[in-house]
Amino acid sequence: MLDHILSILIFFPALAAVLGFAVNKNSIRSYGVAVATIEFVLALWLWFAFDSSVSGMQFMEHIPLVKAFGINYIVGVDGISLFIIILAAFFTMIGIASLGETKDIKNMIVTLLFLQMTMVGVFAALDAIVFYLFWELSLVPMLYIIGAWGGPLRIYASVKFFLYTFTGSLVMLVGMLFMAYFYYQATGEWSFAILDWYRLILPETFQKWLFVAFFFGFAIKVPMFPFHTWLPYAHGQAPTIGSVILAAILLKMGTYAFIRFSLPLFPDASVYFMYPIAVLAIIMIIYTAMVAYAQKDIKQVVAYSSVSHMGVIILGIFALNVEGITGSIFLMIAHGVVSGALFFLVGVIYDRRHTKYMSEFGGLASVMPRYATIFGIMLMASVGLPLTINFVGEFLSLLGFYKQSHTLTLLAGMAIIVGAIYMLSAYKKMFFGVVTKDENRNLPDVNKRELVALIPLTIITIWLGIYPKVLLEPINTSVEAVVGLMHEKSLTQEAKSRIPNLTKDAEVITNSAENTVENSTENSAEEAH
Amino acid sequence: MFEAIAFYLFAFLTISMFYIAVTTTQALYALSALAAGMIFISAFFFILGADFLGAVQIVVYSGAVMALYAFGMMFFDTTREIKEKQGNKAIILGLSIISAILVVVIVGAPIIGNNITAAYPVTEGAGNVQEVGMVLFTKYLVPFEVAAVMLLVAMIAGIVLAGKKMDLSLTLMSEAEIMMMKEEDKKVHL
Amino acid sequence: MELFLYTALFSPLVGSLFAALFGASKKTKMAGIIPSALLGLSLISSFVLLVSVLSSGETVHVEMMTWMATGDLYIPFGFVVDQVSVTMMMVVTLVSTVVHVYAIGYMDHDKGFNRFFSYLSAFVFSMMVLVMSDNFAGLFIGWEGVGLCSWLLIGFWYHKESATWAANEAFIMNRIADLGMLIGIFLVYWNTGTLQYEQAFAIMPSLEIDVLTWMGIFLFIGAMGKSAQFPLHTWLADAMEGPTPVSALIHAATMVTAGVYLVVRANPLYDLIPSVGLFIASLGAFVALFAASMALVNRDMKRVIAYSTLSQLGYMFAAAGLGAYWVALFHLMAHAFFKALLFLGAGNVMHAMHDELDPFKMGGLNKVMKGTFVMMTIASVALAGIFPLAGFFSKDLILEVAFVENHYIIYSVLLFTAGLTAFYSFRLVALIFHGEERYKLFGIHPHEAYKFMLVAMSPLLLLAIIAGSFKMTYFEMVTKLLPATEYHVHSSLTYWIMTIGTQLFVAFAIVYAYKKYTSRDIKVPDGTSKLENCFCYKLLINQYYIPRFYEDYIVKSYRELSEIFWTKIDQKIVDATVDGIANIFYQTGERTRVMQSGNLSTMLKWMVAGTVTLLSLAVAFGLAARYSGEIKIFLSGLGV
Amino acid sequence: MLSPVNVSIESLNLMTLVPMLIPIVGALLIIVIDLFKSGQDKSLYVMLSLLVLGVDFVALMESAGIFKQNGTVMGVFDVMLIDGLAILSQFIIVGASLLFIPLALTHKRFHEFSYPEFFALFLFMIAGFQFMVATDNLILIFVGLETASLALYTLIAMHNRDKSFEAAVKYFTMGALAAGFYSFGSMVFYALTGSVEINQIATILSANNYADIGFVLVGVVFLLASLGFKLSMVPFHTWTPDVYEGSSAALAGYMSIVPKIAGFVVAMRLFEFLIHSGVVWLEVILYMGVVMTMTMANIWALVQTDVKRMLAYSSISHAGFVMAAILIGTTQSNSALFLYWILFSFTNLGSFSMLWISRQKNLPAHQQSDHSYDKFAGMVKTSPMAASIMGLFMLSLAGIPPFALFWGKIYMISSAVTGGYTVLALIMALNSAIAGYYYLKLIVYMFMKDPVVQNNGHVYVANATLPLKTIIGVAAMGTIFAFLAVNQLLELVTVFVYNSGY
Amino acid sequence: MEIGLNHYLVLTTILFAIGLVGVMRRKNLLMLFFATEILLNAVNISFAAISHYYGDLTGQMFAFFVIAIAASEVAVGLGLLIVWHKKHNNIDLDNMSTMRG
């Protein structure tokens, strides 16, 4: 079973979703929770079975799909993708469990299960086309969730979300096809396997063009400034569960893809584009934080804060060293947890008052103390207080990038200031002061169903803030392999100096990194026979 | 010399006939001019030694086609002057003149190619009809048969469109109405 | 010893969590008593550690567990009890125990009693982490932790707009400085490869001076925020919105001194960069004067004490900047005692006056509040630096340091400030406790605080009096870790002239203040007097217009810029571009769909037009191909 | 004197005619049956046609086998040309027809199916298309084309509504003009080379080293115009939306597949040698044509309010997309063309069939056309299954993986990439994004809007019967599980195309 | 005054252009069909001429088939015309634009 655990993880929810059509409407929630729990347990099992000392791919599966064109179904996990998969399973579980009164709840749960398939698929895929497949497919359930259960502008928002991302990923697809073509030219065989591509060293100009092509796809997904405008609409209109999953998992696809594709495939281009991208990231951090400050709608605040945090993740990725990349991966998870929780929290108040305008609230701290407390914890996590999950990621990301540029890091570090400004002022508007509106006087505090989602998230937020090692270790091992690969592959002097050489200090690690590539190709070769 | 005179004469005639055919407002004029033009074209065929083609042209067009048209015109009020709202004449004129000039510019140039060998050369001594028959029933047997099918299709199409009751919609009629219609059909046949 | 270390560190946390359990429920005394008891435990443990360090001179160093480890980075949760940290631990646990006990009485009537103790203990925990950590990252945890608790406690009465505003201001200002701190930490890491104090400081001497300078500057920026140095000082005065025990503990005795602690802790670094040290000293001296000047006229009791704190922090930085780390630390300690005492006394007064803060509305309270009166007076004397109270030993030492190091400007500034300090301290005492009983005009019936609150304050009182006597013991102890520079004025004559002169100057200031503010014709100022309308007064009462400057030019412009970013740039440019591109396609469709007019004639024309276009292109191309030679000649004739 | 010719039967290779003869015989059979006993139910003719087409399919498999063994076969005085292209395109023609013909078994009664002539003409049309693709003789192409077209005009008109007559007339008239263009173009090539066989023309032209480039271009222009009409390239596309709207949805779907593949094969035969011999002009023009066709059709599709018209524009756009293959002209691109079209036929026939089963006899109330977007509002509430399937087809058309068209799309774009047409590849990709909008629009209507009042969902399946549902099921299965078949298809197509020398 | 192939080609082109004019300007469907006949006939002249000058019979074959095609088109075209006329009692193109956009 362990040999196929990834396929099971991917397709189990989809199968369950299909069967879910036959489940009675009144029992569908229990069904959904059960399925999602099984999936989560499987994901945990994956974690326990995962050998964190191995830097390469594990649990690889390889099935030829379109042999003539080099498309294979290849899946596998390493430390980079493992935790995002678990996070996806986790969020689907608590998302379904805490689902409030929803119309057409059956459709919603079935859609969520489909969405889960695509999410796990994206992070497990090791073939560019399979990756693209899940990447695109993930748009569809999200489109439906936003479009069918969203707010008044839901159609505009969902279509914008879909088309924007779709456009970007089509450009990326062209890039992938080019990549495959280069591989074909080099080896005489078509292949879309990422691990095969890793072995390919491209001339710098090609790298740049391809980097740009991939960049469009990823940047829109992240979303990076100036491609971010779909996000506020999508978040603003989406139902709570939609926002939660969008923020927690879907956005991570973009940043994950940067690490999976852009960095190891185009090390020289990554170095070349490091500064421009860092500048974009800094604009994301500061500019979006300021925009968030100007918002009147609490959900928009959280939405823009997402963009701002994604800026730090991008910065960490383009630190191009182990500290930065590890930090950014950790921050992906951290941001997933925290922004997911914040969207849950916004959903809580929205369910009660059916408004998201901060001016409608005020003084909630005395009416809903538990709610205020959890919100406060998440707020502090969001502004990156030490001993919360976000700090570890932000600290490492910024630390990593500091190696590349002092000034830019100083600017990027403004994140901790501007982040505090909008978050605190939003918190103040909602929770502090005296209760002015009569509707707010008797709001019930968070109920059990909501706590099902919020308590685990709070625990994770603090647990991983104090003891991030459990995650950092496997991530670190895999990231070292990536960085080692990048250093080896890079051509220019500039890149060689920017990307640290790990061989000097850690002979063992690079060896294992090389083994990864070779092993995996051997694996694929074996399985092909 | 004779050939040149004949060419220019018939060229003038065809051009003027066809010109009348596309410009006149009287349907009958147009019809007559067209028929005349067709006949004059057959003259070219004869000049060019394509006797068979000339004959076919006269038979098919002046006979069959024109008969068909005349048949068609019986449906319409031919005495009435046909009023056609004209849109932008400049476009029409411009487009046609440009196209003519362009093609003439190119076509007027001599063909340089000299590697042309006749695939089915005209045999000395044999009549045109014989030659045509020879080629038609060997090389072009298949197209010929397909043309037959095409004519069959055209016939069926003509029958279906003009002959069957296309003015009644079987789609919209109720079952009972269709039954009644069929009954009536039978009565007529009986 | 590890057991004591962990006890000292974690018992506040336990207390905090215990109180937090009752956070949302009704007030219960237990929520106050248990944390206080646990803090007592922490105090005892600290004391045991102090004794051990004193007696054996051995430090305790433990590594609890790994926090972050990736790449070359390795950050553990490591704690160290050495001479410096144990001093701080003592100060922290002692003052906080006192404040806790005091607060049981002070917060008696407050609905958020349980919550308060939870926050307060959490603060102590963070502070302990800050001082006990053996690396910069751990320091940063505590650093941010105390920031959080400060935010919570300043905004404790969250229904008050001013309180929440002040809380946010404090947090954000601290964040600005924290960025500097963070950058400093990055610099340390990338240059030394570690964040452990020991290793990092060991490598530092081998680094380039530029790098070290930047390191020092950025770390000091962090210290500036926490210790409210100019220009990040405005939050401290506003932070007085919090409950008074908070002001005593956080904004006088402990948290604000964290900056000084950082500089002291990083002494190996600052020793290498004397220029930065001089800057720190100058800034300290400036702030000392600057803050004292604002305290002269302020009409808010707590704010006056806050400015005084600020001023004293300036003294500490002056000392630390000049390399007299142990002096700075000593003043820190002494100041903690008497300033906390002063604040707690002020708290009593506030209670008595039903939260009235304007000393002009008080007067003659010595009759009703004897205990408080005595305590505050002694604290003020200590603050003024009158022999033989604590302030004398620590503050005079700083003046000596400045003198000995030949920084006469700093010396004279500090000396002048000492006079000001004495003046405003006794202005306050005089206004509150002497003179006319002006409070009667406002119908207030003041009463003395609970007995146990006064008892709780008594340790501080004691220490404020006798702390000076520990000087030598202390010196012996900390100089094992800190540079053991002794500052002696070369000739004893100069020394005596200086000391006595200072004492006289200060005493004069006290007498003047008394004379001026005990007189019977002190009225509640109504903004009409000549003094109130003079430029200097206005400048000072408005805090040099700095808060207003921040409000008008930074806060407001930030808000406006945000608004512009959102409505103009994000919506009108970025988003509109995207929608615009989509719209271009859609509009092109709408405009050109008329091409499909449905009229067969038009359709035929389109077909012909298409063909003709292709034909003309073909002709153009054909002609160009045919006459390519001629075209070339023609073009070359044109000189192309 | 003419000497008698001796022709041996073997040299004629009459086998090459079999696939075309079968539908002709079938059509005649149907007419004869009607002659003897009229008024038979349409199911008889449907089943007969299915049988005939089935036999035809088997015959095609036979010729495919022969091709695999012997390569290209010429027959009947070298008029017939059975190469890989011919076989592949015939497979598509016959296969699509097989899927189409059961759509006649509707729940409602429609005029055209009451006449056996409909089925006879249908079979004749198939034969016409088969002749058109199985030869490189311009004459036979012309005759085959006209046979098929004339039958098709009639089929459209037989739907017997005002709009269908209008559509037929428009199609017919423009078709006549296109026929004029075709004959003119052929005439130019004949004048240049003295031959009407594409192979010959190519040989002679290259022997002359394209001395008469002007003439060649004029000929190309006219042939391009006439084939452009058939393939509905902008600006010769204007008939397409009107004709699709006027004809029944089923026939519209059919028209979007079969005539086009025939056109593609002819275009491939005609233009590829020209592009390969360096007629830059044609390359430029085709480039422009392809881009225009893709983009403009997409843009017009954006603003449509009727689903069928939208699909009409969408199929124009898809045709433009596929036209790129001819421009690129590599084996990969030509294989991509066939792969794309096979996958496209499933999806597109499926989506048109979905419109077909929701067809009512009269226009729905308050609606301007049969299949306005409004009609589909809130479809998921009333008939979720139908909505899901329709959504599936839309996603496939938009190119969302792993549905059928995605595979065609990536292979096509990849061929552009390998052929060195980077910008074209990008344009193709971005066009897919534009196209995403209008496919999405239908999904939005179906899944996110509320249904119009008094819509109980019956309207979406008003015309459905088991055969229709089966066809839709087949199309849906083909669309979903395409990824399982892509490899085999690709290998097969590549072998056929490569061995034909394209 | 030798009449060459080009003379015929030019003549064809002129006639073809006349046909195009007809196609574009005629609004009466029947008259429009006349114009399409002109197009085909114009080309036929050239086919015969080329055939003559090259001594090759293929041109005549082509012309022959074009005539056949023209004839079939007429049949279908007339059929459509009649149906339309029966329903609408006119054969004006301008009345034939219910579908647009």
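Letters A, B, C, D and E name the chains as they come in the text, with residue numbers starting at 1 for each one.
Heads up, the rule we're going with is that a residue touches a chain if its C-beta (ideal position, glycine included) is under 8 Å from a C-beta of that chain, and two chains touch if they have at least 3 such contacts.
The model shown is predicted, which means the values in this text are computed figures rather than measured ones.
Upon removal of chain D from consideration, the remaining chains are still joined by touching into a single piece. Common neighbours of chain A and chain C (chains touching each): D. The minimum number of touch steps linking chain A to chain D comes to 1. Centroid analysis (C-alpha atoms only) places C farthest from chain D.
Among the chains in view, A has its Cα centre nearest the centre of the complete protein Cα set.
The chain pair sharing the most C-beta contacts is B-E.
Using the average of C-alpha coordinates as each chain's centre, B ends up farthest from chain A.
Chain centres here are Cα averages; for chain C and chain D they lie 76 Å apart. The distance from the centre of chain A to the centre of chain B, with each centre set as the mean of the Cα atoms, comes to 69 Å.
Between the Cα centres of chain B and chain C there is a gap of 99 Å.
Chain E has its Cα centroid 65 Å from the Cα centroid of chain A.
Under the contact definition stated at the top, the residues of chain A that touch 2 or more other chains are 163. Under the contact definition stated at the top, the residues of chain B that touch 2 or more other chains are 91-92, 95-96, 99, 103, 106-107, 109, 111, 116, 118-119, 131, 139-140, 143, 147, 150, 153-154, 157, 159-161, 166. Multi-chain contact residues, meaning those touching two or more other chains, occur in chain C at positions 582, 593, 596, 598, 600-602, 604-605, 608-609, 611, 615, 618-619, 622. You'll find the chains touch as A-C, A-D, B-C, B-D, B-E, C-D, C-E, D-E. Note for the complex: chain D touches chain B at residues 1-2, 5, 7, 17, 24, 31, 39, 76-80, 108-111, 114-115, 117, 120-121, 124-125, 127-128, 131, 135, 137, 139-140, 143-144, 146-147, 150-151, 153-154, 157-161, 188, 191-195, 200, 204-205, 207-208, 211-212, 214-215, 217-218, 361-362. Those residues of chain E whose C-beta lies close enough to touch chain D in the complex are 5, 9, 12, 16, 19, 23, 29, 32-33, 36, 39-40, 43, 46-47, 50, 54, 56, 58-59, 61-62, 65-66, 68-69, 72-73, 76-77, 79-81, 83-84, 87, 96-101. Residues 380, 395, 398-402, 406-407, 410-411, 413-414, 417-418, 422, 425-426, 429-430, 432-433, 436-437, 440-441, 443-444, 447-449, 483, 486-487, 490-491, 494 of chain D are the ones touching chain A in the complex.
Interface residues of chain B facing chain E in the complex, by the touch rule stated above, are 1, 3-4, 7, 11, 14-15, 18-19, 21-23, 27, 30-31, 34, 37-38, 41, 44-45, 48-50, 52-53, 56-57, 60-61, 64-65, 68-69, 71-73, 75-76, 82, 84-86, 89, 91-93, 95-97, 99-100, 103-104, 107-111, 116, 118-122, 128, 131-132, 135-136, 139-140, 143, 147, 150-151, 153-155, 157-162, 166-167. Contact residues of chain A toward chain D in the complex are 64-69, 107, 129, 132-133, 136-137, 139-140, 143-144, 147-148, 154-155, 158-159, 162-163, 166-167, 170-171, 173-174, 177-178, 180-181, 184.
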